[in-house]
């Protein structure tokens, strides 16, 4: 019974994915996106748009991501201190 | 064509990873899922994400999941059958009665929060007992099925109750041997 | 060096069981190649796909490959952790000087070296952080 | 160049055929073998895709898999061999 | 200085890999490749391997080149041989054990790896000079003969590398 | 001309892989499957990558693919060896073994 329900669920999900892929378009006409796409090479000198965005336009994003990594590692060192080989 | 097939298989793998009992197998499903996911990122022209997914999914994630799984105790079950030179997996895949028995034991282990690990050998029982690796041994000669477990193993009494109730047609016999440190000194089943 | 004696050359530092000899020897052969590939991913991050995070993750995977064959935890966690804090401070200072203080407008020829340098900083930071994660999880919880 | 599209389709079919071994495989080592097969198929498919789209940097992802793909299967295999130790 | 000279072959190899990865053959790239190679080897020796790379992985480069060509040829020859057996389902899988005459650990590992690469055989375990191999076409139970049949050509190719290395250093 | 040869090589490699996957799916013995998988990996991969090299038609891409091939030949056997050793060590046996008499 459970396998039947799961397989019906899978079939519905698959049909939904195919439907979304075929019907729904993938264009979002936002001004700032097109500005980034057309001007990143002149503004930052990068060849890769992603690098231009995360190292120049959205610098705060990168800094706070690095902060998140640092904070999580501090927390991990704190909680793993009890019981260990070293 | 390519994307539809891969998207469908990704769905199947994700649902399998959710609904499988043995969690180590779910780790494998998830690993393959991330492989196909990375290829689809490439196909949709996002190679940055594809490289990150490849590195993460191929190594780091596996280590984290396996460390989390260490809390479960692995319960190794050995299926021996001296009649055939190589043990085929026909008993397990197809829906025979013996396959149901093995499945039943696996489900039984899940209910006790043990991770069953199945192994097939054509060796005689005495060698398997001497190796001392296995917690439970299912021994089949002809029609007769013997289940051998340690006497200190508290699970085996419940298992006997269950098997006597449900599998009367299969001639199931439950044997015990004693002492957790010395395997096979007390008890050696007769070979025939 | 006298090598014609009958004893085989062993990896000196890696204690290994008999089953892992092949894997440890061949993984040792791979280390510098993985390192070169990680540096390549970081160095070309501004031009082709890749960048700091991906290259750093590859370098962390090098230490993960070492975790498979090495049985002793010899990572000096506090030194690595302090180094990571220092790198984070550098990560705050460099874009502060270059972007927010307006050096970008005056010296446009420094744009590409800035991108490469920042990628290296992020890569080293991610590599150190993920290495700490791998070793802590592996040696404290796993073994 | 259009013939490479058929090669892609054939590789996808082969990949799904080797997924069958992962799904039905009775023991866990069969599933690991199927994972190896899938990794190889993905490496081939990325190489074909790189030539098809004429972007040589796609090969980097394939190099990632060929350098680091063995780690996952060795970790899982040793996890079972040591009865639950990583 | 002596250590740099010892590592020159590996630095050259890493520089070649770097140039190929970057797909440009300029003087700047080649110099960068040499620098990156030295950095990667220093990193490996000091932090990861904690031993000298050139002391463990010693092999004659020319012999290695010829070895890889022979390896590809052997893969195809043994592959067609095994293909017939697989299609006609005449397989006889068994596990054999034998010793090799090689002494260097790296050479034995190379031999074991190429046994795995050759269709029809898979190395399962290596401890010292002792190899345990799954063989798809097992027709003999003699240890030395099985060893000769499985790894004959590879061992013959690798032996001179080892003896020459022993004499030179 | 070179391109056609490349296409032919890709086709042959795909055929190798197809034979391998067929036998991996339909053999009933585990160790036979291990051996056949190693065969599929090496032969199919080498042939397809050589074919792709010929089709690509530029030296830089071909050399990069060669580096990929060399790396794969170095790491591919490690995974197979690990899996086979793990299965043997856990107690998965076949009956006749010459070493044990």
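As written, the chain order gives the labels A, B, C, D, E and F, with residue 1 at the start of each chain.
Everything below uses one rule, namely that a contact is a pair of C-beta atoms (placed from the backbone, for glycine too) under 8 Å apart; a residue touches a chain by one contact, two chains touch by 3 or more.
On a predicted model such as this, the values are computed, not experimentally measured, just so you know.
With steps allowed only between chains in touch, the distance from chain B over to chain F comes to 1.
The greatest centre-to-centre distance from chain A, using averaged C-alpha positions, is reached by E. If you compare C-E with B-D, the chain pair joined by more contacting C-beta pairs is B-D. With centres computed from CA atoms alone, D is the chain lying nearest the middle of all the protein shown.
Here the spacing of chain A and chain E, counted between their Cα centres, is 41 Å.
Chain centres here are Cα means. That of chain B falls 35 Å from that of chain E. Inter-chain spacing, taken between the CA centroids of chain D and chain E, is 23 Å.
Look at where the CA atoms of chain C average out and do the same for chain F: the two points lie 30 Å apart. Counting partners per residue, chain C has 19, 22-23, 26, 29-30, 33, 37, 41, 48-51, 58, 61, 64-65, 133, 138, 141-143 as the residues that reach two or more other chains.
Listed for chain D are residues 27, 32, 34, 56-57, 60, 63-64, 67-69, 71, 74-75, 78, 80-81, 85-86, each touching two or more other chains. In chain A, 48, 50 are the positions where the chain touches two or more neighbouring chains simultaneously. Contacts from chain E toward chain F in the complex involve residues 17, 20-21, 23, 72, 75-76, 79, 82-83, 86-87, 91, 93-97, 112-113, 116-125, 132, 134, 136, 138, 141, 143, 146. For chain B in complex with chain C, the touching residues are 47-48, 50-52, 55-56, 58-60, 63-64, 66-67, 70.
Interface residues of chain C, counted against chain A in their complex, comprise 45-49, 51, 73, 77, 81, 84-85, 88, 91-92, 95, 99, 108, 111-112, 114-115, 118-119, 122, 125-126, 129, 132-133, 136, 139-141, 143. Residue ranges on chain F touching chain E, taken from their complex, read 16, 19, 23, 27, 29, 31-32, 34-36, 38-39, 42-43, 46, 60, 63-64, 66-67, 73-74, 76-78, 80-81, 84-85, 88, 94, 96-99. Interface residues of chain B facing chain D in the complex, by the touch rule stated above, are 1-2, 5-6, 9, 12-13, 16, 22, 24-25, 27-29, 31-32, 35-36, 38-39, 42-43, 47, 50-51, 54-55, 58-59, 62-63, 66-67, 69-70, 72-74, 76, 89, 92-93, 115, 117-120, 133.
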